[in-house]
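In the two complexes that follow, chain A is the common piece, with chain B as its partner first and chain C second.
== the complex of A and B ==
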């Protein structure tokens, strides 16, 4: 290996590595604790000192997906034997399963609204980004800055008139309303990021296609789109993560049919206080997809975060 | 071969005409492509903003639709600027903003600098460090209230382990002295990676030859750090501060879940105060004026800051 003044010595590398790994481990503790708590029984979850080693249980997950009612011991004995493991766990706490909880529905809402708004943001954003990148649009710079500045508004400030507007249009607490809203929030970032990606594609490719007799539309979706696929994918992930995590609009504008998981999870309560294992189970199911996504797609994602920022 | 090229060139000449014939003109396509985005932004961003401005001059209450709406001029604005609660919420915001930025810059830059030593597996560890910022602040914030529980919380237990204090003797979220720091800790945990990533991009943008030249001039490592590394990363760092500053000025989800503004109103930051006025007290006109004031503040501060940033970049 050739000597370089910018290459740190092995000792420096070892020291830097140790410190970074130490920080990474500390930063992971709260996340690991969420996942562990999901597999604890309620008494284990609130024991002192906090239990690192415990007998795993799926009670948190059972509680997450069911609602339960307390019954008297006599009633409990008169019931037929439990049909499945969930029933058995619940009966051990002198309760019976009364029905499914709202969690699955709220989770599904998050999926519908997340993917719906991501699709719409990317669809509209790609078109707009292409136009901004390739055509001369009057006041293009001002428009772009304006698009971006809409992100400076505190969500609550926008929420007041949107709340009133949606009430009039009948869009409050609907999937469509939330999809449109998240699209409007996401599209500024999407246009900005996508314009960067499209700027990088040489114009000559399309011009060659135009010369070969393609129309602009054909040149756009047969030449530009395939080239921009990676950029579109990583922008989509950002939009999806935003819509997935959003809380302020969701808590103000949805309460029932279109409520997403973030406002719902903190409201999970058990019998006699907060049911921490169930909350942790819900949090785990909600956060884990994003974590796996992040680790799997780290190359594109990390580039995207800094790319979007550094370009501005 | 050459004949083919000539053919192509020949057919290339009337391409403008060809475009007009085949499909729509570029101008039409430009508007078709940009139109929906502009429309959506007008409908869901600009129209509401104008409506907010309009409401801010009225005494409108969204829970009393039948009441006559009166224009009361600048009265709402006067009331806000004279409202002690508003100033307290601005103080809470300033405390949160200053300390989160301070810790995130300090830790974020240090981490980026260490990661840039390119030890083995640094990209995997970077990803792990980045995880908290990808997650839902509301869900994570909610879980942190569990970690902060006085007796049973993991955070208190670990603090006990290092300081020897009784784990039930302090309540991070329930104490007026500690709650402002409890939210700073969670925000720092969550968003330091963002500052780190941008600093890392800055560090990686410094070409090696600058250091090589400094080495030939026999500049010490410390001097290289302060005369090369810091000035070259500064524009990136300032950008990170801008983004975090705007985000934390708007901070809502994390703090609502952690403290809900309490205890008392010690952590009731601007956004939380606004939410209370708008959606609990239903003072729509008043809160619209407050929203406008906040927006103008962020926008003004950001504009001044961007000017300063551009000056640093030019240097």
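== the complex of A and C ==
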């Protein structure tokens, strides 16, 4: 850690604090607006001027998780009293719940594909980075450049070949296909980041373990892995954020069983008019896993973001 | 407890030769120093004995068994690293018990063994602390604890005091030596500090440029250097050299520099051309009668002795003389050398010329193995 030489004056601290808070507020306004919209009723969500103060409602969330059909007032009269709060909210709009929506399934797909590809990227990336860091590999520099070169164009530039390839291989619209695709994109990032972190871990630790009677692999996972935890955590966050938010390939390659949440959320628009609260509710829920994951690994991330520069 | 025999050991990293055909023997229970400037191959040699590097050629015998190609875990050798290399994610107790855990020792036995080692090293009170906050000395003790806890056949130490403060180093080197005397285990110790090597070692190997320059006791290495490098590297201030052209005949007991004759130990080899006369600072006497004249350039007062920097026509000399002697800068003095301590060198080969003084030491030095390959019998001499 480095500290500035002179202690900042209270006034400087106050100024710095204000600036940081101001910046945080500005960047958080869109997020906050989405979260608020999720708790508005559809009329409130499109009212003009926009409402900052409103009566909260869970209608957006109910709409997100259900499909509904419109019924006539007479039919509505003839129905038994609503069984739960969701039914009640829906009936206020002259509708009944027809069944669950696909959101839960799509969300689960995102979780499987996002975390699956993150795990695979980190697993392969750590092994590759360790090998590049510790062993004499012929053409190591060229191989590393080659690995990085996969990132030198936007992945979507190869969308059509991949689309055709996946159709031939039967990987279209499968979890495995999406996991492999995101892993292929993330692995170069993982190898390069992790190599930097592993380079920083002194070899003596492993050598001590070898001397103490462990095999090289035992030395790797008992001594190197715990030391690389910071790097692994921050690399995992980057990989997860990419896989989680990826939209273009998801639209192109998935439509049903393996469709992830990003392409699904906009389709809610078409279901019952412009249902902004439902979309906002979907976006809010979609944010949560990455946020929770990041907060969980926050301790590592703060040190990890500096790419090992502050290791002692 | 083990004897280690190194025979024609060689290590190449690509085009770079780190160690060239080295042979020496480390007797059972010896405190053995590998000494040399940085990059001379001493650490590589140590790492090859421990198994952290595999030799390109040659053999390493541990207790008669050839081990040069075995993984470190199958050699039963402990290693103390310069930067300690304590596992940072474990506390002191776990660090020390780690080698025992790998052997599958029962938890109760591990606890007992760790407690015993902690007692020897005086670190019982820090057993449950994380290693991060420890002082350098305590870290060193923990690293030693991790080494001695499994009773290995031999210890390798790579400049273990190098990372400590100067004042603490003295104390720790005594502690180390005492620990060795108590355990009696063969110890190989790498250092670039010649004082440390002289002070602690039973035997010393001096290496330079991937070659073993000399192998012997500290006394032999100091008094009977086998090469110009050893003579220059050992001692502070180091040996003085007078360069001259001349001719030495076997059986001769004097050398003539210019017109000044000097008595030297009886020579056993003849040599020609560019020669060097080597004399230790403490073997130079200032006397008015001597025919070799010199001018005093500087005087450095050291308490009981003083170092006098002299200039004569064959070069500068440093003499260590009694402080009681009054010497002032600018004085013209005569200098003479203590004859039976002088070593003559051949300037081109850099090697000492055999005389009655160094004959035995040169036979033991292992130096011949670097020039020719009939060194198969060379590995077996060590004094008892």
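In this text, the second predicted complex is superposed on the first by the 264 of 312 C-alpha atoms of A that agree within 3 Å, B and C clash if a C-alpha of one lies under 4 Å from a C-alpha of the other, contacts with A are read in each partner's own complex, and residues count from 1 in each chain.
What we mean here is this: a contact is a pair of C-beta atoms (placed from the backbone, for glycine too) under 8 Å apart; a residue touches a chain by one contact, two chains touch by 3 or more.
None of these values were measured; they are calculated from a predicted model.
Of the two partner chains placed around the shared chain by superposition, chain C is the only one that A:223 touches, whereas chain B remains out of contact. By the touch criterion defined above, A:263 reaches chain B but does not reach chain C. Contact with chain B, but none with chain C, is seen for A:291 once the two complexes are overlaid on the shared chain. In the superposed model, more residues of chain A are touched by B than by the other of chain B and chain C. Touch criterion met: A:202 reaches chain C, while chain B stays clear of it. Of the two partner chains placed by superposition, A:53 touches none, neither chain B nor chain C. When the two complexes are overlaid on their common chain A, residue A:210 makes contact with chain B and with chain C alike. Shared contact residues on chain A (touching chain B in one structure, chain C in the other): 210-211, 213, 215, 218. Across the interface of their complex, chain A is touched by residues 50-52, 71-73, 77-79, 81, 83, 85-89, 98-99, 102-103, 146, 150 of chain C. By the touch criterion stated above, chain A contacts chain C in their complex at residues 202, 204-205, 207-215, 218, 223, 226-227.
Only residues 8, 11-12, 15, 18-19, 22-24, 26-27, 29-30, 32-34, 36-38, 40-41, 43-49, 51-52, 55, 62, 107, 111, 114-115, 117-132, 134-140, 142-144, 146-147, 149, 151-154, 157, 167, 189, 194, 197-198, 200-201, 208, 211-212, 215, 236, 239-240, 243, 246, 249-250, 252-253, 256-257, 270-271, 274-275, 278-279, 284, 287-288, 291-292, 294-295, 298-299, 302 of chain B touch chain A when the two sit together in their complex. Per the touch definition, chain A reaches chain B in the complex via residues 4-8, 12-14, 16-17, 19-21, 23-24, 27-31, 33-34, 37, 46-50, 124-125, 127-128, 130-132, 135-137, 143, 147, 149-165, 180-181, 183-184, 187-188, 191, 210-211, 213, 215-218, 241, 244-248, 251-252, 261-263, 265-266, 274, 276, 279-280, 282-283, 286-287, 290-291, 293-295, 298-299, 301-302, 305-306, 309-310, 312.
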